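Two complexes follow with chain A in common, the first pairing it with chain B and the second with chain C.
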Partner chain A sequence: MSTKLLEVKNLVVKFGGVTALDNVNLHVNQGEIAALIGPNGAGKTTVFNIVTGYYTPAEGEILVDGKSMLGLRPYKIARAGLARTFQNIRLFGDMTAVENVATAADALNKSGLVGSLFGVPRSRRDEKASMEKAHELLKFIGLDHRALQMAKNLPYGDQRRLEIARALALNPKVLLLDEPAAGFNPQEKVELGELIRKIRDRGFAVLLIEHDMSLVMDISDRVSVLDFGQKIAEGTPVEIQNNQRVIDAYLGVAEDAS
Partner chain B sequence: MDFSILVSDFWALTIDGLVVGAIIALVSLGYTLVYGVLRLINFAHSEIFMIGTMTCYWVVQRFGFTGYEDPLPLWKFAGLFLLFGFAAAVVSGVAAVILEIVAYRRLRVLGASRLSSLISAIGASFFLVEVFQKISGAKNLDFPRLISKDTLFEFQNAYITQDKLLVIVGAAVIFYILNRVIHHTKLGLGIRAVSQDERASILMGVNVNRIISYTFLLGGVLAGFGSAFYMVFYETTKANVGFLIGISAFTAAVLGGIGNVKGALYGSFALGLFQQYTSAVLGYNWKDVVTFVILVFVLLVKPTGLFGEALQKARV
Partner chain C sequence: MAKLNLRDKFGDWWDGASPFSRTVFRILAVLAAYAIPFLKNPIIDTPETSFNSVLFYPLVMFSLMAVGLNVVVGKSGILDLGYVAFFAIGAYTHAILSAHTGLNFWEIIPFAMGFAMFAGVILGLPALRLRGDYLAIITLGFGEIVRIIAVNTEAIGGAAGLTDIPGPSSVFGIEFTVMDPRPYYWLTLTAMLFVIWGVLRLSHRKPGRAWEAIREDEDVAEFMGVSTLKYKLWAFIIGGAVGGLAGAIFASNIRSIQPELFTLNLSIMILACVVLGGMGNIWGVILGAVLLGYIPEKLRFLSDYRIIFFGLLMVVMMNIRPNGLLPRKKREVVGDKS
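Right after this comes the complex of A and B.
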């Protein structure tokens, strides 16, 4: 059957006395777009912060392609195959678009920084390869015409796409997208959906956090729903849309009057 | 005030300003690069420069030059210069890396406040000065005249000598290489990425601790080359030689906008020229006073400097 590229088992996360995630199980299969949805504060971004190593879980296991990520330093987790974008764009604003992407591509090349400082041939070759890869990814994402512009000067939508290109430069096993459609108009959302499909077809599995339900239901192969730190449902878009617990969580039931 | 010297010797002062500016710049870059990645003023950086000057002195001593011989022929001088220049670069670079590990890394790992690191920096600076006072006997160490300082050619009352030409051309080569490193290498992209968003760079696979170490290395290497030029030009050093040049370099970094490489370069040359022009008008004793006044003035009036960010509200 399909391989699980990202697998989160029995994840428990506590901030002080508050349990942010309670025994959550998630996985992303090879070649699929999985979505993680839930009301605000359900713990979606916390999942991203945990799997990328920013916080340490109280309990549970995180596997990337079968290898445990627990205790690994965040930059190693990134190199091992989990790359993310941010809900609030965090590009390197004073670097050009292509430099943003090349920075991530460089993280994977094995030549050391001493060689880089003294310009030894191997480093130069690797750096050139990173640059070429960065240009290629910009082309893939449709930003090659902006390669030499400063990231901070790009239009908003291009900045979002540039973040995706930068994350792809890490050759991630799973690409984590944190609300990529935030601030997009309907037309841009459609284009984004196309792009995410294209990314999957290129061989990257995708885990998507998104509030825009039409986008989620349109492109996802599988949807998991979080509410108050617990997974309350998982299934195909159609199953999720008809799940009573999910509907209650989103619309609120009578005793849940907040 | 007497402006007659400024007018009559304008080009001579300009040449000297460029020479001094180039030396200041090589030190200034260390402040600005480290500030970029750590938001920390590495006040011990002036001592990294001092260690470079000491290295030059010792290397030259070791080769038996005491200052009583005639200046060397050009090719011999070039060989010797490369030798003590690279020795100083290596020793200063390594010293800077050790400084980071000993004085700052633990504090950073423990999440100490920036103030703690600043105090640690000042402590490390005092420590190094005192140690080298002991070693050098607290006296001026005079560097032999290795290269003839006769005038090569004259230009509008400015006497161009070999040593000044060496500093300007040598520094220009180093700045060119540095620009290449900053813009086209893994190290340069890493340094800039960490300077702009440390967390995002971690999540893009950048090993931040490594980048920080190499930033110190790069700053130290630049200061080491700067110290070699300094020794050829000024021909003397002592344990606290770093203080005034350190203040000049720090002022230049703030003037250009700390954290900004281009700013440090412009700031350094501006400061070098300004020091020369004002000392022609006010007298040479006023040179350092002018530097301090500029530092205070920039911090009060335009804390962002020419290109950079405000020291007072450094990003957290």
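Right after this comes the complex of A and C.
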């Protein structure tokens, strides 16, 4: 009944002799917040790097809304509907907040360089659309008052949210969030949870990598657990919390102290 | 922030200025630039070389090339050590086409730029898949390859080069003669103003954002839907076109060209203009070019020792302002609503 917007089938990834991901199956349904958890080094970020086209898998299939993404360059995959944030913030530091978002919004129009040079009507229209969209998204994440500040000068929490706005500017089918709560205090984590729900309610499906268990269990509709490159469990937050393999692999250790 | 900052003072004025005063300022600045050859001032005058010929080469020529190279190095963050190749291609295009076809200088300009752009594509398509140091080495090789081909191709004069290159035919009653460098200065200045206009337009729009994103983090730019290869290629093409344009003007002025005019030294020199002036800021880059062109001429009384002093001066300047004299800087509007 629900459509799978992102589907990863039988993914195998090898770095030299190391098998980073071993036959992993994942999917994200329309309108849901899915989470991917697992101990450090389990291969979570590798999943993001694979589906966004940064690495090529040894085996497997990646489908976005039913279309194969294998072999496409990252920018094509981004335009096809997968936008991501980064574990360690990677904004365009010397650009303003609004330019950061507009850069991603630009990807959705086909205006070329020559058109921009001569200011043809289409390029003007697209330019206006990109800037309006960027401002609208900044307002959505509550950063419109910092639109003209350089990204590198923003406070840490604002930088994290700006990354989310930048990814949303691509109108993704699935938004991939890589540890968005890292470095947040409890209050900020609650706000982030609300923001992610708001994003879901705007119609974006979300795939979340997160170490903060209370956040994951609070907002996720479905949780998948990776350990040593293999998916060891999948289910609702309640099921995962009571899954013995997960507890053994992960929840039993001090990782979930927060 | 007790330090008096002329740049911010100007920025504040500019932000508050009406469109009318901005236009007036622009017109005055352009007129002043065109009027420089009429200055008779012993302080700025250069010893041993006529100031007007220094004004054409190296000052405005370096400036034009630095503005072109800045698109590649400063805007997009691609280290290009072979920029002289595009300059050489422009110069040779004018020399060859004017000798073998009936085309005059003005008609050849599009070809000179076109060939240089094409060379940008030829170099860029394979080279731009690499990054950083590796790419720099390839561009360095490209610069040398173009020069060495010129040295070894007898049909284009070999090491002796080409002579009897015609100058531009007169326009608006201005004659381009061998004796008077001023028309060439005005010509190059005009070309540069067009290039600045174009580059500024692009900088404030989608291509400018794409270039900056690539400079800041190429991988992330790609993840955000920017076709990095396409925009890096465009940077090469635009940089190449400006280099080709500069080369054609240069050849039409000096009337005879040899491959030895187009050595790595010139690439490094233009790169130094960009870095010293302030990567990514068009006005800084021009300032860098003017200073680096002017200082060696001013120091000519030291004869060959001037290069040592010149080097020393550069080391000192880069120590004082490591980001360049006028680094790129966006004026931030800081607002706090909460």
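Everything below uses one rule, namely that the second predicted complex is superposed on the first by the 250 of 258 C-alpha atoms of A that agree within 3 Å, B and C clash if a C-alpha of one lies under 4 Å from a C-alpha of the other, contacts with A are read in each partner's own complex, and residues count from 1 in each chain.
Assume a contact is a pair of C-beta atoms (placed from the backbone, for glycine too) under 8 Å apart; a residue touches a chain by one contact, two chains touch by 3 or more.
Remember, it's a predicted structure, so these values are computed and weren't measured experimentally.
J.: Put the two structures on top of each other at chain A: do chain B and chain C fit, or clash?
T.: Partners clash after overlay.
J.: Is A:R122 contacted by the first partner chain B, the second partner chain C, both or neither?
T.: neither
J.: Between chain B and chain C, whom does A:L113 touch in the aligned arrangement: first, second, both, or neither?
T.: Touch partners of A:L113: chain B and chain C.
J.: Touching A:K67, do we find chain B (first), chain C (second), both, or neither?
T.: Neither chain B nor chain C is touched by A:K67.
J.: I'd like to know which partner A:T103 touches here: chain B for first, chain C for second, both or neither.
T.: It touches chain B and chain C both.
J.: Looking at the overlay, does A:K139 come into contact with chain B only (first), chain C only (second), both, or neither?
T.: A:K139 contacts neither chain B nor chain C.
J.: Of the two partner chains, chain B (first) and chain C (second), which one does A:Q149 touch, if any: first, second, both, or neither?
T.: second
J.: Identify the partner contact of A:R245: answer first if only chain B is touched, second if only chain C is, both if each is, neither if none is.
T.: In the superposed model, A:R245 contacts neither chain B nor chain C.
J.: Please identify the positions on chain A that touch both chain B and chain C, taking each partner from its own complex.
T.: 52, 54, 74-75, 78-79, 83-84, 86, 90-95, 99, 102-104, 106-109, 111, 113, 116-117, 119, 123, 126-127, 130, 166-167, 169-170
J.: Using the touch definition up top, name the residues of chain A that touch chain C in the complex.
T.: Its residues touching chain C are 52, 54, 73-75, 78-79, 83-84, 86, 90-96, 99, 102-104, 106-109, 111, 113, 116-117, 119, 123, 126-127, 130, 145-150, 153, 166-167, 169-170.
J.: Any idea which chain C residues touch chain A in the complex?
T.: For this pair, the touching residues of chain C are 198, 201-202, 205-207, 209-210, 212-213, 215-217, 219-228, 231, 234, 328, 330, 332-338.
J.: Name, in rising order, each residue of chain B that touches chain A in their complex.
T.: 180-181, 183-190, 192-193, 196-197, 199-208, 210-211, 214, 217-218
J.: So in the complex, the part of chain A that touches chain B is made up of which residues?
T.: 52, 54, 74-75, 78-79, 83-84, 86, 90-95, 99, 102-104, 106-109, 111, 113-114, 116-117, 119, 123, 126-127, 130, 166-167, 169-170
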